[in-house]
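Presented sequentially are two complexes of chain A, the first with chain B as partner and the second with chain C.
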Partner chain A sequence: MPARPALRSTLRLRLYVAGNAPNSVRAVANVRALCDEHFRGRHAIEIVDLLTEPQKALADGIIVTPTLLKLAPLPVQRVIGNLSDTASVLVMLNGR
Partner chain B sequence: MVARAKRRAPARKKRARKSHHSLVKMPTGIEGFDEITSGGLPRGRTTLVLGGPGCGKSVFALQTLVRGAVDTQEASVFVAFEESAKQIVTNAAVFGWDLPSLERKKLFVLDARLSPDTVKTGEFDLIGLLRVLEAKVVELGATRIVFDGLDVLLTLLNDPTVEQREIYRIRDWLTRTGLTAIITQKVDGTDRYQFMHFMVDCVVLLKHSVMDGSAFRSLRVVKYRGSGFGADEFPILLTDEGMRLITRGPTELHYRVTNERVSSGLPRLDHMLRGGFHRGSNVLISGAPGTAKSTLCCLFAAAACARGERVLYVSFDEGADEIVRNVLSVGVRLAPYRKSGLLAMSSTRTRGPNIEEQFDALRALVRSHRTRCLVIDPLSALSSKMSHVASADAAQQFLDFLKSEGVTVVNTSLMDGPTLDEATATGISTIADTWIHVSYVVQDGERNRALTIVKSRGTGHSNQVRELKLADDGVTLADVFVAQGKVLMGVARWEWEQEERAAKKQSQVSTELKRLQLQLSQAEAAARLKVVQVEMEARSAEISLLAAATGQATELRVSDRAVLRKMRHADDDLRVTRKRRGPPEKGTPDGDGGGR
Partner chain C sequence: MTTVRAREQHLQLRLAEAEATIAALLSGEVDAVVDERTRTPVLLAKAQDALRESEERMRYVLAATNVGLWDREHLNGRVEWSEVLERMHGMAPGSFDGTFDMAVAAIHPDDRADTLQAITQATERGGDFTVHHRVVWPDGTTHWHRGVGRVVLGPDGRPLRTVGITQDITEQHRLEQQFLQSQKLEAVGRLAGGIAHDFNNMLSIILSCGELLLGDLDERDPARREVEEICKAGRRSANLTRQLLMFSRQQVLAPRVLNLEAVTANMEGMLRRVVGEDVDLRFVTHSSLGHVRADPGSVEQVILNLVVNARDAMPTGGQLTIETRDAVVDAEFSRNRLQGATPGHYVVVSVRDAGIGMDVATQSRIFEPFFTTKEVGKGTGLGLATVFGIVAQSQGAILVESALGAGSTFSVYLPCVAEVADDRANEHPSQGPMGNETILLVEDAEAVRMVARIILERHGYRVIEASSPTAAYEHCERNKDKIDLLLTDVVMPLMSGPELARRVQLLRPGIRVLFMSGYTDDSVVRHGVLEGETAFLQKPFTSGSLARKVRDVLL
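Then we have the complex of A and B:
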């Protein structure tokens, strides 16, 4: 049941990274690939580089990099890591 | 590692001086710790604080930051991986640390916990975190940082190699920023984080154990690169003001010594001690239950109050009101002093698991009352818990504290046996400057109290046993009598005294008789002397009478002869002349012109 509305509305994501650190680079690649595959045309990804904007991490309570935040649809959810565990990421993105 | 550290310990001072140029110490403000490390943690380096749960790792780290902020105006960052920022503020409040007010300028607490439902989707790193921290460090101008419970976050990585990589990332970051850091970590029995020992400059191990039902925390410095340190295990005390180590204190005992004497409250006892207790000394009164130890304490307290000195009376087995009432029965009045505030009485049960805490509470009481004379009745209530060396140290330290404050203290110690048993008074008796023992002597169906001075440092003292007598009108010490090899006390002593008195009376009478007799014979002799004198006078009178009579007779003869010559017409003259001029061989030169 929750899968349906999730598919219809736009997926808004924010990914916190640390410059060109390997995990961060990998995470960016992973999230882009996933969205292109499963949410084509219905997603927006904001990438925050903590090396240049450290204050944002404090405001959002980000401890490790990379951290992916799903802002919409609600509820807000987060995962940490370089997003190579695609199955886990999809579970969150689908709101399940 | 341990062996190495121990070997280092004696060379502590020398090494500390030698390394002074290269290594700067940062005081932690933890009393005792700065002492054993000759100044604190290595500045600009990293210290690893290890320990199981509840050891005080976080307190150690937080106190270092708080003291830095308060004492030396150093700003710092606390990264909490295990507890929430709110919890930390609450914990700090227990020790009177006002984190919220510090947080505005001097201290930043970062809640670095991941929510329990955080899903891990692959490898992560701490690059972002360190960047965030760096921004904060620059903003505050911080010099100190704590990573509290780093392992909580790192275990999420679930890969020892990756964990190690992140730890080295932190190490490099710390080296670059030049911060003084404390990393706290749980010990889990594995050697998973063993490599960290080599990475850091200082390793502190905290322990929490239960000994004889008492919680016992301790601290040991395992490693300190470039510096000597006290390598022993030191007991930790958690007080209202934070963490403190019980160190053995200065090895050299140095107090201001005075010859001033303080009355024991019992004049006879003062006399036995050649003037009383030394000011600032500690006195132990030992004895079986009911031997009037508390009464002696009250006498001491009352005497001190009478001199106008402030007295603290700490009792562990009787209520204050009870003591005051009981001691009134032997004529000691404490109530007025209590009312005037000179005498403070504290009655508590020895409670709580930690003996160090008890001593610390006592120390605070002594200070707050500005105590000059102290009574602890009985000290054995505390010492019975002194089953481990650390606690005996705590007692020693407490007594040292009293000495340095010049507080005269009278302690009692319960000893059940009728005789002195050195073993039961472990420690205290050797620390005590004066040791008075009160025992029961059972004899002729009665029990009496015998008081002896076992020892008294720096003062001559009586070696006599005295009987301690309690009566409505007061407490006194009486001589005991030794008769036929037995010490006489109580009724036996009274009887002996009666006999003595009778014997004395008897001897008084006979002396008088003797005196009279002597007087009589003296009088007789004087009389005899008089008789002789009179006799002498009579004799000499007789003698002179006789002489006078003889003279008259001669004169008579001469005059008679003249008469005769006249009558014979000088016939005799020729004869007389001839006789006088006779041949020389027959006559004498002078002749006898006078004739007869």
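Then we have the complex of A and C:
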């Protein structure tokens, strides 16, 4: 039985990557697959490349990539790594 | 209270993030990090590649340049050695046990205390240090190492780590020692040679006058004994100065093509008398023995000196072997054992005794003049120095093999030549042959001239005396009398001997020339005497040596 999404409001995510580095590519694929499956039609993902926009990363307090920020709904939360541990990522995205 | 709580929550969050970051880093899920100092991103893969590449490059360079790497962790006492360093200790890769004790044990016992002191001092104060020491390989061979290290101290001033590199400098050390040794011998040689020159003219007069006086004295004259003693002392002194000149490589050699087997065979009778009955003297020769180009008298002197030393090394007798053989010297053997002699074909004369042998310290000094292991009054310390000088001047080399209690072997290597032996060279010179030719004698030292005239006249020659080159030349211009030989000093004011000879030969083509001099250094070389096949008589001369040389030139 597919998991029922706990949230109804739009999920706003920002994923910091480092160009086409392997873990970054994997993280992008993982977060998209996860959102398509669990938050279809009510999520927005912003991909930010640390290599081209370092200032933005610094402003968000990013120290490594890939780092996924959940900006909304609050509280702001972050996951570090290539997001292949989908269960943990889902827990964070559901705000639990 | 709320603020405190909020702060606590914030800190917990930061801590969780830090833990997550570390976990991601450890599991290899991180691509890039932000450099805290420069606030710029650094790609980890690139950094890791660069690190790997740099380490690899370093490893190649260290292996190619034979540089060993070591790293000592002071907190746990562990020491790491690179494979190159293990090889530099004659050990198989991976056999170093990682302890400081094993590293110290490899250091030569004589160098251990000094090396440890240098390391300890550096460890206490931190910073860099350099050590030079020998290491002993498991196979017993000794190698020279140079280590450069750096001690890293912790904030409390205690040493954390010592890292450094080590190079094998055995070859460099050997060359340095060889250079120092040759410089030392060169300096002593110059000094000795300088003194010997000045004695030569005086000894010529003492010896010749003594001999002439003896000839004039009646057989029963009581003064005869004293005069004989004067002559004996003069001959001993002349022998000593000749040895000094030989050592300083300033002896004028008259090289001829020789067969060394024939030389040693000719000496057999004399050598048997020298060594005495207790010594079993054996001659070993091998077929196809090549020829060498050397001064026969000097070669005999070399063999005699080596045999006398061998005899003295066996006070209660024993076996003494003189071996002559051919040898091919390659570059490696030459570099390691033969003072860098030119590789090629050599003829070797070895003198081997079964005597007391020498330790390494003695071996390193044996060629120094006045160095002797014999008791006072038994040896001059010039024997081997003379051997060294003659062999070096003959483009040869000496190999010394010895160990305490195991006897000694001295092998003289002389370059092989393609020419055929000159039979005359192997003959023993006869005593004072007579003649009846006319000799023009040119010598500015009156006493020497007078002595030479008397000797020559007593050997049947007609002598025309000239006290200067100018006088000699004028005589040749004004007179048409037959002159067979020009016997002239080399270094004279206004005109040198060779210059006079050149002019006289223009006036009298076919005249023979014999130079004589107490100087054999640069001044003679400048005058062109040492080069070529010029006949030369070394002062001091005796009645016999002058008569023989004159006869030789007139033949």
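To be clear about the criterion, the second predicted complex is superposed on the first by the 90 of 96 C-alpha atoms of A that agree within 3 Å, B and C clash if a C-alpha of one lies under 4 Å from a C-alpha of the other, contacts with A are read in each partner's own complex, and residues count from 1 in each chain.
Quick note on the criterion: contacts are C-beta pairs under 8 Å (C-beta built on N, C-alpha and C of every residue); 3 or more make two chains touch, one makes a residue touch a chain.
Predicted model, so just to flag it, every value in this text is computed and none were measured.
Enquirer: Which partner does A:58 reach: the first (chain B), the second (chain C), both, or neither?
Expert: both
Enquirer: Let me test your reading of the model: by the given contact rule, A:92 touches which partner, first (chain B), second (chain C), both or neither?
Expert: first
Enquirer: Just chain B (first), just chain C (second), both, or neither: which does A:50 touch?
Expert: A:50 contacts both chain B and chain C.
Enquirer: For A:82, select first, second, both or neither according to whether it touches chain B, chain C, the two together, or no partner.
Expert: A:82 contacts both chain B and chain C.
Enquirer: Tell me the contact category for A:21 with respect to chain B and chain C: first, second, both or neither.
Expert: Touch status of A:21: both partners.
Enquirer: Spot which of chain B and chain C makes contact with more residues of chain A, would you?
Expert: Higher number of touched chain A residues: B.
Enquirer: Let me check the overlay on chain A: which residues of chain A are in contact with chain B and also with chain C?
Expert: Of chain A, residues 17-19, 21, 23-24, 50-51, 54, 57-58, 62-66, 78-82, 84 contact chain B in one complex and chain C in the other.
Enquirer: Give the list of chain C residues in touch with chain A in this complex.
Expert: For chain C paired with chain A, touching residues are 17, 20-21, 23-25, 27-34, 36, 39-41, 43, 45.
Enquirer: Which residues of chain A touch chain B in their complex?
Expert: Contact set of chain A toward chain B: 16-19, 21, 23-24, 26-27, 30, 50-51, 54-55, 57-58, 61-68, 78-85, 88-89, 91-92.
Enquirer: Give the list of chain B residues in touch with chain A in this complex.
Expert: Within the complex, chain B contacts chain A at residues 110-115, 118-129, 131-132, 134-136, 153, 156.
Enquirer: Across the complex, what residues on chain A touch chain C?
Expert: 17-19, 21-24, 50-51, 54, 57-58, 62-66, 78-82, 84
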